[in-house]
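What follows is a pair of complexes built around chain A, which joins chain B in one and chain C in the other.
After this line comes the complex of A and B, so read on.
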């Protein structure tokens, strides 16, 4: 047996095991921990499928930030081990099995020698402005999809911020005053910002890009926030709103710049694709970072603070 | 099999063995503090051995330095995280107080356990 096949089989079994443990565990905290492990295993699966961009995004956003958000949510629940009131358990299970069967049928029945769009992409790469295929597809050839993604993110940010309690401006979420954490932040903060900018820049020729850079920047912000550093740009106001919508607005401007010179929508002027993509990516990563960070810091106070403050 | 391959296999396998031991400690130790002890020390050593094994087949000095940086960053992050978790738990835990999910009662059998169970008690300790 090929050793790669054994590794893939192990990863698949571990994925199924951690997913079922996350869903079936009666303890919510344990379920969230298994979800984080599932995110990490998914990142490994993406690497095995030779998609390092997806692996980076999966590890940063799914395992990292979403895991932190879920842990925060579990911490706020008064009784995390409430018995589940499942009205239709067998319906959900049956629908999931039907979906699984359809997916298996679709995957097993696909044509054998389907080259897909690889050759068409290779022919069009010169006009894309970047040298990495994934970035070219995400931000040039199929930029409509990325535009919709950033729209969803902006909408999520607004909804999350709208649910923020009004009195929470001066309150810090779980301020941890620990000298070890302060030293770590002092060393790691600049490193994280630098790696984030590098990921953004390297996205033009290597795996990387706006989403990964934004997630890393948000993680740096979360670390700063947890150690008690006030982040003045997160206070509700004009600055926060500008940062949140900047990615969306810049992308929209780039998209509608096509019709002004006679090209279709979402088509960049010939020769300007490279700089346009860089500018879009810079504002995209800023928006993504502020969105994810404000979702994290907009959480209501935890149970411990509620008990101590009451 | 060349000497480099042999050394690499030894390093990678012993790194995996250390990870296995760390996971065994995580599953078997009764208290959060002992589990943190197992995870931070043993897993970091396992990661160091794996990184050393990967360094032997790195293509250039840049890759070697990157691997070293990865190991040092993980070391710093996991050590700090372990310290923070233990610190928070130490200040939050009172003997006989609310149990965190997954903990056994062996840790404070010496101390009298208060009748209050608290919201954090696990009503079904046997299930996953």
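After this line comes the complex of A and C, so read on.
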């Protein structure tokens, strides 16, 4: 019996319980709160699975940003006369149970896994320019996937901005005149920016990297936005557009710099991999932060909803 | 049983629960929540299927990291679309109106239906 198995069993049971509570509770607000708890439990699960990068990203993005986004949405979508959805789905439930049985059978009965790419990766790490494996995979060996990801992010940012209502002033949230909140923002804001820069720099040799740094910056921006502080750089304009596409453009330039010196696409010049990765990561985290932040703030503002509940 | 397999099985549970709710419940925000739970389940399966006690494989970790960020972007866009839909139509589902007609709220110019039992529901015109 593995020594940590009891803890892992508890974590898995808590995951399933919080997910069920999030999805099946009657009150939508309670469901979203359970979803935030689910995100934090997932971060614990990643720590148990020895993936600290994933734990950082899950806590910042899934529990933090997604939770804030959904809480914001629940506040606007509140419909007190919510129809009773207690129709028990027999057909879907039965089919889901069959699918669950098949998945469990597949997971438990899998053949011996080969070591995968770990040994090839360990051999290639000296040429990667960084000393942390996940960063090396993300920004050097599988940089094509990361490039596609930043393209997806830029695409969603532009769709989100296109869906903004025509009244283009930033949301005038009521100024919450709370001295505790003011002090908290004054202290937390700079600390979050500092920690995000540290995460970006530390990603080369420890868990961290562009995504976690970008998510933390976006979280700082969301905190400011929800406290009523207007963020002038989020107005649609040249500055916003430049920030959004900077990550994509820098990555593209780094990718096509290979063919100019006779190497394949997405291959960095020998010896320059380290600095190239740092430069890409800086612009990538800036782009990710602005993208996630503008997706958050692009929703229709309070008061324009047709059925505000209060 | 190795702990990683336990997490993979938990991931399978999460995926199936999310899938069932996504298909069965018509409210759009619950579908978005279910989508996120499904994504979490798949990530757990991806990272959980590895040799017990071996060095953690960085390649699935990189894939899942990408997946977490893209899942958030998709969720944000979905919530944005949902709020625009709510702003335009007044409903949070895609079901046709008559299914929830007795709860539908009307604007100033619309014809009100027969009076409801609870008097406070249609009061904000």
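Heads up, the rule we're going with is that the second predicted complex is superposed on the first by the 261 of 310 C-alpha atoms of A that agree within 3 Å, B and C clash if a C-alpha of one lies under 4 Å from a C-alpha of the other, contacts with A are read in each partner's own complex, and residues count from 1 in each chain.
Criterion: a contact is a pair of C-beta atoms (placed from the backbone, for glycine too) under 8 Å apart; a residue touches a chain by one contact, two chains touch by 3 or more.
Just so it is clear, the model here is predicted, and its values are computed rather than measured.
Q: For chain A, which side has the bigger count of touched residues, chain B or chain C?
A: C
Q: Give one of first, second, both or neither to describe whether A:263 is in contact with chain B, with chain C, with both, or with none.
A: neither
Q: Considering only touches as defined above, state whether A:253 meets chain B (first), chain C (second), both or neither.
A: neither
Q: After lining up the shared chain so the two structures overlap, which partner does A:24 touch, if you call chain B first and chain C second: first, second, both or neither?
A: Both partners, chain B and chain C.
Q: Looking at the overlay, does A:138 come into contact with chain B only (first), chain C only (second), both, or neither?
A: Touch partner of A:138: chain C, not chain B.
Q: Does the superposition put A:181 against chain B (first), chain C (second), both, or neither?
A: Touch status of A:181: first partner only.
Q: Which parts of chain A are touched by chain B and by chain C alike?
A: Overlap of chain B and chain C footprints on chain A: residues 24, 79-81, 304.
Q: Any idea which chain A residues touch chain B in the complex?
A: Going through chain A, the ones touching chain B are 21, 24-27, 29-30, 78-81, 176, 178, 180-181, 184, 187-188, 191, 303-304.
Q: Of all residues in chain B, which touch chain A in the complex?
A: 73, 76-77, 80, 83-84, 87-88, 92, 101-102, 119-120, 122-124, 127-128
Q: Please name which positions on chain C make contact with chain A in the complex.
A: Its residues touching chain A are 1-10, 12-21, 23-27, 29-30, 32-34, 36-37, 40, 43-45, 47-51, 54-59, 61-66, 68-77, 79-84, 86-87, 90, 92, 100, 103, 105, 107, 118, 121, 124.
Q: Would you pull the chain A residues touching chain C in the complex into a rising list?
A: 2, 4-5, 8-9, 12, 15-16, 19-20, 22-24, 28, 31-32, 35, 38, 42, 45-46, 48-51, 53-54, 57-58, 61-62, 65-66, 69-70, 73-74, 76-77, 79-83, 85, 87, 89, 92-93, 96-97, 99-100, 103-104, 107-108, 110, 113, 115-118, 121, 133-134, 136-138, 142, 145-146, 149, 152-153, 156, 159-160, 163, 165, 209, 211, 215, 288, 291-292, 295-296, 298-300, 304-308
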